[in-house]
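Structures are listed in the sections that come next.
Below, chain A partners chain B and then partners chain C, in two separate complexes.
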Partner chain A sequence: MASEVLAKPQMRGLLARRLRIHMVGAFLVSLGVAALYKFAVAEPRKRAYADFYKNYSPEKDFEEMKKAGIFRSIK
Partner chain B sequence: MLSRAAWILMLRKGGRGRREMHSPEAPARGEGKMPPYANWYAQRSYPMPEEPFCTELSAEQQALKEKEKGSWTQLSHAEKVALYRLQYHQTFAEMNRRSNEWKTVMGCVFFFCGFTALLIWWQRVYVYPPKPITLTDEWKAQQLQRMLDMKVNPVHGLASHWDYEKKEWKK
Partner chain C sequence: QNAASPIMEELIAFHDHALMIIFLISSLVLYIISLMLTTKLTHTSTMNAQEIEMIWTILPAMILIMIALPSLRILYMTDEFNKPYLTLKAIGHQWYWSYEYSDYEDLAFDSYIMPTYFLEPGEFRLLEVDNRTTLPMEADIRVLISSQDVLHSWAVPSLGVKTDAIPGRLNQAMVASMRPGLY
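Up next, the complex of A and B:
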(Lines of atoms letter the chains of each structure in order from A and count residues from 1; the text may use other names and numbers.)
(Lines give C-alpha, C1' and ligand atoms only; values in the text may rest on other atoms or scores of the structure.)
Protein backbone atom coordinates (compact mmCIF):
# COMPACT_ATOMS: atom_id res chain seq x y z
CA MET A 1 0.00 0.00 0.00
CA ALA A 2 2.84 2.44 0.87
CA SER A 3 4.92 3.73 -2.00
CA GLU A 4 8.31 3.23 -0.30
CA VAL A 5 9.38 0.65 2.27
CA LEU A 6 10.25 1.77 5.80
CA ALA A 7 13.50 0.72 7.41
CA LYS A 8 13.14 -2.37 9.58
CA PRO A 9 13.04 -1.26 13.21
CA GLN A 10 15.21 -2.71 15.97
CA MET A 11 13.57 -5.99 16.93
CA ARG A 12 15.82 -7.51 19.57
CA GLY A 13 17.84 -6.54 22.58
CA LEU A 14 15.54 -3.65 23.49
CA LEU A 15 15.39 -4.44 27.18
CA ALA A 16 19.14 -5.06 27.35
CA ARG A 17 19.85 -1.72 25.76
CA ARG A 18 17.41 0.06 28.06
CA LEU A 19 18.93 -1.58 31.12
CA ARG A 20 22.45 -0.67 30.02
CA ILE A 21 21.53 2.96 29.47
CA HIS A 22 19.65 3.25 32.71
CA MET A 23 22.26 1.45 34.80
CA VAL A 24 24.94 3.83 33.65
CA GLY A 25 22.62 6.79 34.02
CA ALA A 26 21.47 5.85 37.50
CA PHE A 27 25.04 5.35 38.62
CA LEU A 28 26.13 8.71 37.29
CA VAL A 29 23.08 10.54 38.60
CA SER A 30 23.42 9.14 42.09
CA LEU A 31 27.16 9.88 42.18
CA GLY A 32 26.48 13.38 40.93
CA VAL A 33 23.76 14.07 43.46
CA ALA A 34 25.93 12.75 46.29
CA ALA A 35 28.87 14.90 45.20
CA LEU A 36 26.66 17.95 44.82
CA TYR A 37 25.21 17.46 48.28
CA LYS A 38 28.63 17.00 49.82
CA PHE A 39 30.10 20.15 48.30
CA ALA A 40 27.05 22.37 48.39
CA VAL A 41 25.53 21.42 51.74
CA ALA A 42 27.73 19.27 53.95
CA GLU A 43 31.08 21.05 53.59
CA PRO A 44 29.72 24.61 54.09
CA ARG A 45 27.81 23.41 57.12
CA LYS A 46 30.86 21.82 58.67
CA ARG A 47 32.86 24.93 57.94
CA ALA A 48 30.23 27.19 59.49
CA TYR A 49 30.22 25.18 62.70
CA ALA A 50 34.02 25.08 62.83
CA ASP A 51 34.18 28.86 62.37
CA PHE A 52 31.58 29.43 65.02
CA TYR A 53 33.35 27.35 67.62
CA LYS A 54 36.87 28.56 66.76
CA ASN A 55 36.64 31.65 68.99
CA TYR A 56 33.72 30.60 71.13
CA SER A 57 33.87 31.09 74.85
CA PRO A 58 31.01 29.56 76.82
CA GLU A 59 31.72 31.80 79.82
CA LYS A 60 31.40 34.95 77.76
CA ASP A 61 28.21 33.63 76.20
CA PHE A 62 26.80 32.84 79.62
CA GLU A 63 27.65 36.33 80.93
CA GLU A 64 25.91 37.94 77.99
CA MET A 65 22.78 35.86 78.48
CA LYS A 66 22.79 36.59 82.23
CA LYS A 67 23.06 40.30 81.56
CA ALA A 68 20.12 40.09 79.14
CA GLY A 69 18.06 38.68 81.99
CA ILE A 70 16.66 35.48 80.54
CA PHE A 71 17.53 33.23 83.48
CA ARG A 72 15.13 32.73 86.34
CA SER A 73 17.43 31.07 88.85
CA ILE A 74 20.34 33.55 88.49
CA LYS A 75 20.03 37.32 88.35
CA MET B 1 -40.37 25.72 30.22
CA LEU B 2 -38.29 26.72 27.25
CA SER B 3 -35.09 25.30 28.71
CA ARG B 4 -36.85 22.04 29.50
CA ALA B 5 -37.95 21.67 25.89
CA ALA B 6 -34.41 22.45 24.74
CA TRP B 7 -32.99 19.89 27.18
CA ILE B 8 -35.33 17.14 25.95
CA LEU B 9 -34.47 18.00 22.36
CA MET B 10 -30.78 17.79 23.12
CA LEU B 11 -31.15 14.46 24.87
CA ARG B 12 -33.10 12.94 22.00
CA LYS B 13 -30.68 14.27 19.38
CA GLY B 14 -27.68 13.15 21.41
CA GLY B 15 -29.05 9.67 21.87
CA ARG B 16 -29.79 8.94 18.27
CA GLY B 17 -27.49 11.34 16.47
CA ARG B 18 -24.33 9.94 18.00
CA ARG B 19 -25.07 6.49 16.59
CA GLU B 20 -23.89 5.82 13.09
CA MET B 21 -26.29 4.91 10.29
CA HIS B 22 -25.53 1.23 10.70
CA SER B 23 -26.94 0.96 14.16
CA PRO B 24 -25.91 -2.39 15.56
CA GLU B 25 -29.12 -3.09 17.37
CA ALA B 26 -32.70 -1.87 17.30
CA PRO B 27 -33.72 -2.53 20.88
CA ALA B 28 -37.40 -2.80 21.74
CA ARG B 29 -36.92 -0.85 24.97
CA GLY B 30 -36.05 2.75 24.10
CA GLU B 31 -32.39 3.48 23.44
CA GLY B 32 -30.54 0.37 24.61
CA LYS B 33 -27.08 0.58 26.06
CA MET B 34 -25.04 3.68 25.37
CA PRO B 35 -21.25 3.67 25.08
CA PRO B 36 -19.14 2.80 27.03
CA TYR B 37 -21.51 0.04 28.12
CA ALA B 38 -22.42 -1.06 24.59
CA ASN B 39 -20.86 -4.32 23.40
CA TRP B 40 -19.14 -2.73 20.42
CA TYR B 41 -17.37 -0.03 22.43
CA ALA B 42 -13.56 -0.04 22.34
CA GLN B 43 -10.98 2.28 23.84
CA ARG B 44 -7.23 2.40 23.99
CA SER B 45 -7.16 0.35 27.19
CA TYR B 46 -9.81 -2.11 25.94
CA PRO B 47 -9.18 -2.42 22.23
CA MET B 48 -11.03 -5.63 21.30
CA PRO B 49 -14.78 -5.27 21.84
CA GLU B 50 -17.04 -8.23 22.33
CA GLU B 51 -19.37 -7.61 19.41
CA PRO B 52 -18.86 -6.16 15.93
CA PHE B 53 -20.21 -2.69 15.44
CA CYS B 54 -22.73 -3.57 12.72
CA THR B 55 -24.73 -6.71 13.20
CA GLU B 56 -27.60 -5.93 10.83
CA LEU B 57 -26.06 -6.17 7.40
CA SER B 58 -27.59 -5.21 4.11
CA ALA B 59 -27.35 -7.63 1.18
CA GLU B 60 -24.17 -6.18 -0.27
CA GLN B 61 -22.56 -6.07 3.17
CA GLN B 62 -23.36 -9.75 3.61
CA ALA B 63 -21.86 -10.47 0.24
CA LEU B 64 -18.73 -8.66 1.40
CA LYS B 65 -18.58 -10.79 4.55
CA GLU B 66 -18.80 -13.89 2.36
CA LYS B 67 -15.92 -12.60 0.25
CA GLU B 68 -13.97 -12.01 3.47
CA LYS B 69 -14.05 -15.73 4.13
CA GLY B 70 -11.88 -16.30 1.08
CA SER B 71 -8.35 -15.05 0.50
CA TRP B 72 -7.86 -11.50 1.69
CA THR B 73 -5.50 -10.65 -1.14
CA GLN B 74 -8.58 -10.50 -3.37
CA LEU B 75 -10.13 -7.70 -1.36
CA SER B 76 -9.66 -4.17 -2.68
CA HIS B 77 -8.57 -1.35 -0.42
CA ALA B 78 -12.08 0.11 -0.29
CA GLU B 79 -13.50 -3.29 0.63
CA LYS B 80 -11.01 -3.68 3.46
CA VAL B 81 -11.94 -0.27 4.78
CA ALA B 82 -15.63 -1.16 4.52
CA LEU B 83 -15.04 -4.38 6.46
CA TYR B 84 -13.15 -2.41 9.13
CA ARG B 85 -16.02 0.02 9.43
CA LEU B 86 -18.48 -2.87 9.79
CA GLN B 87 -16.41 -4.42 12.53
CA TYR B 88 -15.30 -1.40 14.50
CA HIS B 89 -17.00 1.82 15.49
CA GLN B 90 -13.93 4.05 15.24
CA THR B 91 -10.30 3.82 14.24
CA PHE B 92 -7.61 4.25 16.86
CA ALA B 93 -6.93 7.74 15.61
CA GLU B 94 -10.58 8.64 15.98
CA MET B 95 -11.06 7.08 19.39
CA ASN B 96 -7.87 8.66 20.76
CA ARG B 97 -8.54 12.16 19.48
CA ARG B 98 -8.02 15.06 21.79
CA SER B 99 -10.83 17.14 23.17
CA ASN B 100 -11.31 20.46 24.88
CA GLU B 101 -12.74 18.91 27.99
CA TRP B 102 -9.74 19.97 30.05
CA LYS B 103 -10.68 23.60 29.63
CA THR B 104 -14.12 22.95 31.09
CA VAL B 105 -12.62 20.96 33.93
CA MET B 106 -10.03 23.57 34.82
CA GLY B 107 -12.59 26.34 34.53
CA CYS B 108 -14.94 24.62 36.94
CA VAL B 109 -12.09 23.83 39.33
CA PHE B 110 -11.01 27.47 39.44
CA PHE B 111 -14.58 28.67 39.74
CA PHE B 112 -15.25 26.50 42.76
CA CYS B 113 -11.90 27.43 44.29
CA GLY B 114 -12.95 31.05 44.03
CA PHE B 115 -16.34 30.30 45.53
CA THR B 116 -14.63 28.50 48.39
CA ALA B 117 -12.45 31.53 48.91
CA LEU B 118 -15.57 33.65 49.34
CA LEU B 119 -16.94 31.24 51.90
CA ILE B 120 -13.67 31.25 53.82
CA TRP B 121 -13.61 35.05 53.77
CA TRP B 122 -17.13 35.17 55.23
CA GLN B 123 -16.01 32.66 57.87
CA ARG B 124 -12.99 34.80 58.75
CA VAL B 125 -15.20 37.89 59.24
CA TYR B 126 -18.21 36.39 61.01
CA VAL B 127 -17.07 33.20 62.73
CA TYR B 128 -13.47 33.58 63.93
CA PRO B 129 -12.94 34.71 67.56
CA PRO B 130 -10.59 37.64 68.35
CA LYS B 131 -6.84 36.98 68.03
CA PRO B 132 -5.01 35.83 71.19
CA ILE B 133 -2.71 38.22 73.08
CA THR B 134 0.39 36.37 71.88
CA LEU B 135 -0.20 37.52 68.31
CA THR B 136 -0.20 41.25 69.04
CA ASP B 137 2.76 43.23 67.81
CA GLU B 138 4.25 44.18 71.15
CA TRP B 139 4.09 40.60 72.40
CA LYS B 140 5.77 39.36 69.22
CA ALA B 141 8.52 42.00 69.57
CA GLN B 142 9.20 40.96 73.18
CA GLN B 143 9.24 37.32 72.07
CA LEU B 144 11.80 38.05 69.37
CA GLN B 145 13.98 40.01 71.79
CA ARG B 146 13.95 37.10 74.23
CA MET B 147 14.89 34.67 71.47
CA LEU B 148 17.84 36.86 70.48
CA ASP B 149 18.93 37.13 74.13
CA MET B 150 18.92 33.34 74.36
CA LYS B 151 20.96 33.17 71.16
CA VAL B 152 18.62 30.76 69.47
CA ASN B 153 20.35 28.84 66.64
CA PRO B 154 23.54 30.88 66.63
CA VAL B 155 25.33 29.02 63.80
CA HIS B 156 22.85 29.10 60.92
CA GLY B 157 19.55 30.31 62.34
CA LEU B 158 17.96 33.34 63.93
CA ALA B 159 20.78 34.60 66.18
CA SER B 160 23.33 34.15 63.38
CA HIS B 161 21.59 36.92 61.43
CA TRP B 162 21.67 39.41 64.34
CA ASP B 163 24.65 41.68 64.89
CA TYR B 164 25.08 41.81 68.67
CA GLU B 165 27.49 44.78 68.62
CA LYS B 166 25.45 47.05 66.45
CA LYS B 167 22.11 45.72 67.73
CA GLU B 168 20.61 45.31 64.29
CA TRP B 169 20.13 42.66 61.65
CA LYS B 170 23.23 41.75 59.68
CA LYS B 171 23.21 43.04 56.13
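Up next, the complex of A and C:
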Protein backbone atom coordinates (compact mmCIF):
# COMPACT_ATOMS: atom_id res chain seq x y z
CA MET A 1 0.00 0.00 0.00
CA ALA A 2 1.48 3.20 -1.04
CA SER A 3 1.30 5.55 1.82
CA GLU A 4 0.39 9.05 0.82
CA VAL A 5 0.90 11.80 3.25
CA LEU A 6 -2.31 13.64 3.73
CA ALA A 7 -2.19 17.30 4.40
CA LYS A 8 -2.29 17.98 8.13
CA PRO A 9 -5.81 19.09 8.93
CA GLN A 10 -6.44 22.45 10.52
CA MET A 11 -6.35 21.86 14.26
CA ARG A 12 -5.97 25.20 15.93
CA GLY A 13 -7.94 28.33 15.85
CA LEU A 14 -11.11 26.55 14.74
CA LEU A 15 -13.43 28.20 17.21
CA ALA A 16 -11.88 31.57 16.62
CA ARG A 17 -12.35 31.22 12.87
CA ARG A 18 -15.93 30.02 13.25
CA LEU A 19 -16.70 32.86 15.62
CA ARG A 20 -15.15 35.44 13.37
CA ILE A 21 -17.12 34.34 10.32
CA HIS A 22 -20.39 33.96 12.14
CA MET A 23 -20.18 37.16 14.17
CA VAL A 24 -19.80 39.14 10.99
CA GLY A 25 -22.62 37.08 9.49
CA ALA A 26 -24.83 37.65 12.53
CA PHE A 27 -24.43 41.40 12.38
CA LEU A 28 -25.08 41.42 8.66
CA VAL A 29 -28.19 39.27 9.07
CA SER A 30 -29.62 41.43 11.84
CA LEU A 31 -28.91 44.65 9.96
CA GLY A 32 -30.52 43.05 6.94
CA VAL A 33 -33.62 42.19 8.94
CA ALA A 34 -33.82 45.77 10.20
CA ALA A 35 -33.36 47.19 6.72
CA LEU A 36 -35.97 44.79 5.35
CA TYR A 37 -38.47 45.92 7.97
CA LYS A 38 -37.71 49.56 7.37
CA PHE A 39 -38.10 49.41 3.61
CA ALA A 40 -40.92 46.91 3.45
CA VAL A 41 -43.10 48.27 6.25
CA ALA A 42 -42.05 51.63 7.67
CA GLU A 43 -41.29 53.57 4.49
CA PRO A 44 -44.40 52.37 2.59
CA ARG A 45 -46.52 53.36 5.59
CA LYS A 46 -45.07 56.87 5.66
CA ARG A 47 -45.51 57.13 1.92
CA ALA A 48 -49.13 55.94 2.20
CA TYR A 49 -49.89 58.69 4.71
CA ALA A 50 -48.18 61.31 2.53
CA ASP A 51 -50.08 60.16 -0.55
CA PHE A 52 -53.38 60.15 1.28
CA TYR A 53 -52.97 63.71 2.42
CA LYS A 54 -51.53 65.06 -0.81
CA ASN A 55 -54.85 65.62 -2.56
CA TYR A 56 -57.09 65.32 0.45
CA SER A 57 -59.94 67.72 0.94
CA PRO A 58 -61.48 67.49 4.40
CA GLU A 59 -64.58 69.35 3.23
CA LYS A 60 -65.24 66.86 0.44
CA ASP A 61 -64.70 63.96 2.81
CA PHE A 62 -67.08 65.59 5.26
CA GLU A 63 -69.79 65.99 2.61
CA GLU A 64 -69.45 62.32 1.64
CA MET A 65 -69.71 61.26 5.27
CA LYS A 66 -72.73 63.47 5.83
CA LYS A 67 -74.39 61.91 2.78
CA ALA A 68 -73.62 58.44 4.12
CA GLY A 69 -75.53 59.38 7.24
CA ILE A 70 -73.02 58.53 9.94
CA PHE A 71 -73.37 61.80 11.78
CA ARG A 72 -76.18 62.15 14.22
CA SER A 73 -76.03 65.85 14.93
CA ILE A 74 -76.32 67.03 11.32
CA LYS A 75 -78.33 65.44 8.54
CA GLN B 1 -56.31 52.18 13.55
CA ASN B 2 -55.13 54.79 11.15
CA ALA B 3 -53.89 58.04 12.56
CA ALA B 4 -56.17 61.04 12.38
CA SER B 5 -53.95 63.56 14.11
CA PRO B 6 -50.33 64.61 13.54
CA ILE B 7 -49.25 63.34 16.95
CA MET B 8 -50.66 59.89 16.26
CA GLU B 9 -48.78 59.79 12.96
CA GLU B 10 -45.57 60.56 14.80
CA LEU B 11 -46.36 57.88 17.35
CA ILE B 12 -46.96 55.28 14.64
CA ALA B 13 -43.67 56.20 12.96
CA PHE B 14 -41.86 55.94 16.29
CA HIS B 15 -43.42 52.55 16.90
CA ASP B 16 -42.12 51.40 13.51
CA HIS B 17 -38.66 52.69 14.43
CA ALA B 18 -38.62 50.98 17.83
CA LEU B 19 -39.98 47.74 16.38
CA MET B 20 -37.26 47.76 13.75
CA ILE B 21 -34.66 47.97 16.52
CA ILE B 22 -36.41 45.19 18.41
CA PHE B 23 -36.31 42.95 15.33
CA LEU B 24 -32.64 43.80 14.88
CA ILE B 25 -31.72 42.80 18.41
CA SER B 26 -33.96 39.71 18.48
CA SER B 27 -32.64 38.36 15.21
CA LEU B 28 -29.08 38.92 16.41
CA VAL B 29 -29.75 37.10 19.67
CA LEU B 30 -31.55 34.22 17.94
CA TYR B 31 -28.71 33.80 15.48
CA ILE B 32 -26.15 33.76 18.29
CA ILE B 33 -28.17 31.23 20.30
CA SER B 34 -28.41 28.90 17.33
CA LEU B 35 -24.69 29.39 16.83
CA MET B 36 -23.95 28.38 20.40
CA LEU B 37 -26.13 25.32 20.17
CA THR B 38 -24.62 23.92 16.99
CA THR B 39 -20.97 23.60 17.83
CA LYS B 40 -18.77 21.14 19.59
CA LEU B 41 -15.87 23.58 19.76
CA THR B 42 -15.22 25.17 23.08
CA HIS B 43 -12.83 27.78 24.35
CA THR B 44 -10.76 26.31 27.14
CA SER B 45 -8.07 28.88 27.74
CA THR B 46 -8.65 31.79 30.04
CA MET B 47 -10.13 34.79 28.43
CA ASN B 48 -9.20 38.40 28.63
CA ALA B 49 -12.45 39.78 27.45
CA GLN B 50 -11.83 43.51 27.48
CA GLU B 51 -12.56 44.17 23.82
CA ILE B 52 -15.84 42.34 23.62
CA GLU B 53 -17.01 43.78 26.92
CA MET B 54 -16.34 47.23 25.51
CA ILE B 55 -18.37 46.38 22.41
CA TRP B 56 -21.35 45.03 24.21
CA THR B 57 -21.50 48.03 26.50
CA ILE B 58 -21.08 50.76 23.92
CA LEU B 59 -23.34 49.21 21.28
CA PRO B 60 -26.47 48.93 23.47
CA ALA B 61 -25.83 52.42 24.80
CA MET B 62 -25.88 53.74 21.25
CA ILE B 63 -29.02 51.78 20.46
CA LEU B 64 -30.75 53.17 23.53
CA ILE B 65 -29.82 56.70 22.55
CA MET B 66 -31.25 56.03 19.10
CA ILE B 67 -34.51 55.04 20.73
CA ALA B 68 -34.57 57.78 23.35
CA LEU B 69 -34.05 60.80 21.09
CA PRO B 70 -37.17 60.39 18.92
CA SER B 71 -39.12 59.39 22.00
CA LEU B 72 -38.27 62.60 23.83
CA ARG B 73 -39.03 64.62 20.71
CA ILE B 74 -42.54 63.20 20.56
CA LEU B 75 -42.99 63.63 24.29
CA TYR B 76 -42.29 67.33 24.09
CA MET B 77 -44.43 67.57 20.99
CA THR B 78 -47.45 66.29 22.90
CA ASP B 79 -46.99 68.98 25.53
CA GLU B 80 -46.64 71.75 23.00
CA PHE B 81 -49.03 74.55 23.75
CA ASN B 82 -51.04 75.76 20.77
CA LYS B 83 -53.74 78.31 21.34
CA PRO B 84 -56.83 76.14 21.53
CA TYR B 85 -60.00 77.16 19.72
CA LEU B 86 -62.28 75.34 22.08
CA THR B 87 -62.20 73.83 25.52
CA LEU B 88 -64.06 70.64 26.31
CA LYS B 89 -64.43 69.35 29.83
CA ALA B 90 -64.77 65.58 30.11
CA ILE B 91 -65.74 64.38 33.56
CA GLY B 92 -65.84 60.71 34.35
CA HIS B 93 -68.53 59.09 36.44
CA GLN B 94 -69.48 55.54 37.13
CA TRP B 95 -70.43 54.65 34.46
CA TYR B 96 -70.75 57.50 32.00
CA TRP B 97 -68.97 60.62 30.86
CA SER B 98 -70.37 64.10 31.18
CA TYR B 99 -69.18 66.76 28.81
CA GLU B 100 -69.29 70.52 29.25
CA TYR B 101 -68.65 73.20 26.69
CA SER B 102 -68.40 76.44 28.62
CA ASP B 103 -66.59 78.79 26.26
CA TYR B 104 -69.47 80.70 24.75
CA GLU B 105 -72.74 79.40 26.12
CA ASP B 106 -72.99 76.73 28.75
CA LEU B 107 -73.69 73.35 27.26
CA ALA B 108 -73.47 70.20 29.33
CA PHE B 109 -74.71 66.67 28.74
CA ASP B 110 -74.17 63.12 29.85
CA SER B 111 -73.02 60.43 27.51
CA TYR B 112 -73.99 56.87 28.37
CA ILE B 113 -72.87 53.78 26.52
CA MET B 114 -75.52 52.35 24.22
CA PRO B 115 -76.65 48.95 25.51
CA THR B 116 -76.17 46.15 23.02
CA TYR B 117 -79.87 45.48 22.55
CA PHE B 118 -80.47 49.05 21.42
CA LEU B 119 -77.87 49.01 18.66
CA GLU B 120 -78.86 49.47 15.03
CA PRO B 121 -77.15 47.33 12.39
CA GLY B 122 -73.84 48.92 11.47
CA GLU B 123 -73.16 50.39 14.88
CA PHE B 124 -70.23 49.31 17.01
CA ARG B 125 -70.89 47.28 20.13
CA LEU B 126 -69.55 48.80 23.36
CA LEU B 127 -68.46 51.91 21.49
CA GLU B 128 -71.68 53.71 20.67
CA VAL B 129 -73.10 56.29 23.05
CA ASP B 130 -76.42 58.01 23.27
CA ASN B 131 -75.12 61.60 23.10
CA ARG B 132 -72.05 61.98 20.96
CA THR B 133 -69.45 64.65 21.60
CA THR B 134 -69.06 66.87 18.55
CA LEU B 135 -65.82 68.73 17.94
CA PRO B 136 -64.57 70.86 15.04
CA MET B 137 -61.96 69.29 12.77
CA GLU B 138 -58.57 70.80 11.94
CA ALA B 139 -58.76 72.86 15.14
CA ASP B 140 -56.70 72.61 18.28
CA ILE B 141 -58.98 71.67 21.11
CA ARG B 142 -58.09 71.61 24.75
CA VAL B 143 -59.72 68.77 26.68
CA LEU B 144 -59.79 69.06 30.45
CA ILE B 145 -60.28 65.69 32.00
CA SER B 146 -61.27 64.92 35.53
CA SER B 147 -63.39 62.51 37.48
CA GLN B 148 -66.18 62.68 39.96
CA ASP B 149 -65.70 59.40 41.75
CA VAL B 150 -63.00 56.88 40.80
CA LEU B 151 -60.10 56.76 38.37
CA HIS B 152 -61.16 56.73 34.75
CA SER B 153 -59.28 57.25 31.51
CA TRP B 154 -60.33 59.23 28.46
CA ALA B 155 -58.89 57.88 25.25
CA VAL B 156 -59.33 58.30 21.49
CA PRO B 157 -56.92 55.85 19.83
CA SER B 158 -56.75 57.34 16.35
CA LEU B 159 -56.04 60.81 17.72
CA GLY B 160 -53.32 59.49 20.01
CA VAL B 161 -55.03 60.68 23.20
CA LYS B 162 -55.18 58.77 26.43
CA THR B 163 -55.34 60.73 29.66
CA ASP B 164 -56.30 59.57 33.10
CA ALA B 165 -59.29 61.09 34.81
CA ILE B 166 -58.30 61.45 38.43
CA PRO B 167 -60.69 62.72 41.07
CA GLY B 168 -59.44 65.97 42.46
CA ARG B 169 -57.07 66.62 39.57
CA LEU B 170 -57.51 68.34 36.24
CA ASN B 171 -55.55 66.86 33.35
CA GLN B 172 -55.18 68.61 30.04
CA ALA B 173 -54.92 66.96 26.65
CA MET B 174 -54.65 68.64 23.26
CA VAL B 175 -56.67 67.17 20.45
CA ALA B 176 -56.34 68.13 16.79
CA SER B 177 -58.02 65.96 14.18
CA MET B 178 -57.00 66.26 10.55
CA ARG B 179 -59.99 64.51 9.04
CA PRO B 180 -63.71 64.45 9.70
CA GLY B 181 -65.17 61.25 11.01
CA LEU B 182 -66.42 59.16 13.87
CA TYR B 183 -63.75 58.42 16.45
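Here, the second predicted complex is superposed on the first by the 65 of 75 C-alpha atoms of A that agree within 3 Å, B and C clash if a C-alpha of one lies under 4 Å from a C-alpha of the other, contacts with A are read in each partner's own complex, and residues count from 1 in each chain.
As a working rule, a residue touches a chain if its C-beta (ideal position, glycine included) is under 8 Å from a C-beta of that chain, and two chains touch if they have at least 3 such contacts.
Predicted model only: the values in this text are computed from it and were never measured.
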Inset, instruction - Spot which of chain B and chain C makes contact with more residues of chain A, would you? - result: C
Inset, instruction - Could you look at A:42 and tell me whether it touches chain B, chain C, both or neither (first, second, both, neither)? - result: second
Legend entry - Touched partner set for A:61, first chain B, second chain C, both or neither: both
Inset, instruction - May I ask you to decide whether A:34 touches chain B, chain C, both, or neither, giving the answer as first, second, both or neither? - result: second
Inset, instruction - Figure out whether A:22 sits in contact with chain B (first) or chain C (second), or with both, or with neither. - result: second
Inset, instruction - Indicate the residue numbers of chain A shared between its chain B interface and its chain C interface, in ascending order. - result: 45, 49, 61, 65, 70
Legend entry - chain C - residues contacting chain A, complex: 3, 9, 12-13, 16-17, 19-21, 23-25, 27-28, 31-32, 35, 39, 41-43, 132, 134, 137-138, 178-182
Legend entry - chain A to chain C touching residues, read off their complex: 14-15, 18, 22, 25-27, 29-31, 33-34, 37-38, 41-42, 45-46, 49, 53, 56, 58, 61-62, 65, 70-73
Legend entry - Of all residues in chain A, those that touch chain B in their complex: 1, 45, 48-49, 52, 61, 64-65, 68-70
Legend entry - Complex contacts: residues of chain B adjacent to chain A: 77, 146, 149-151, 154-156, 164
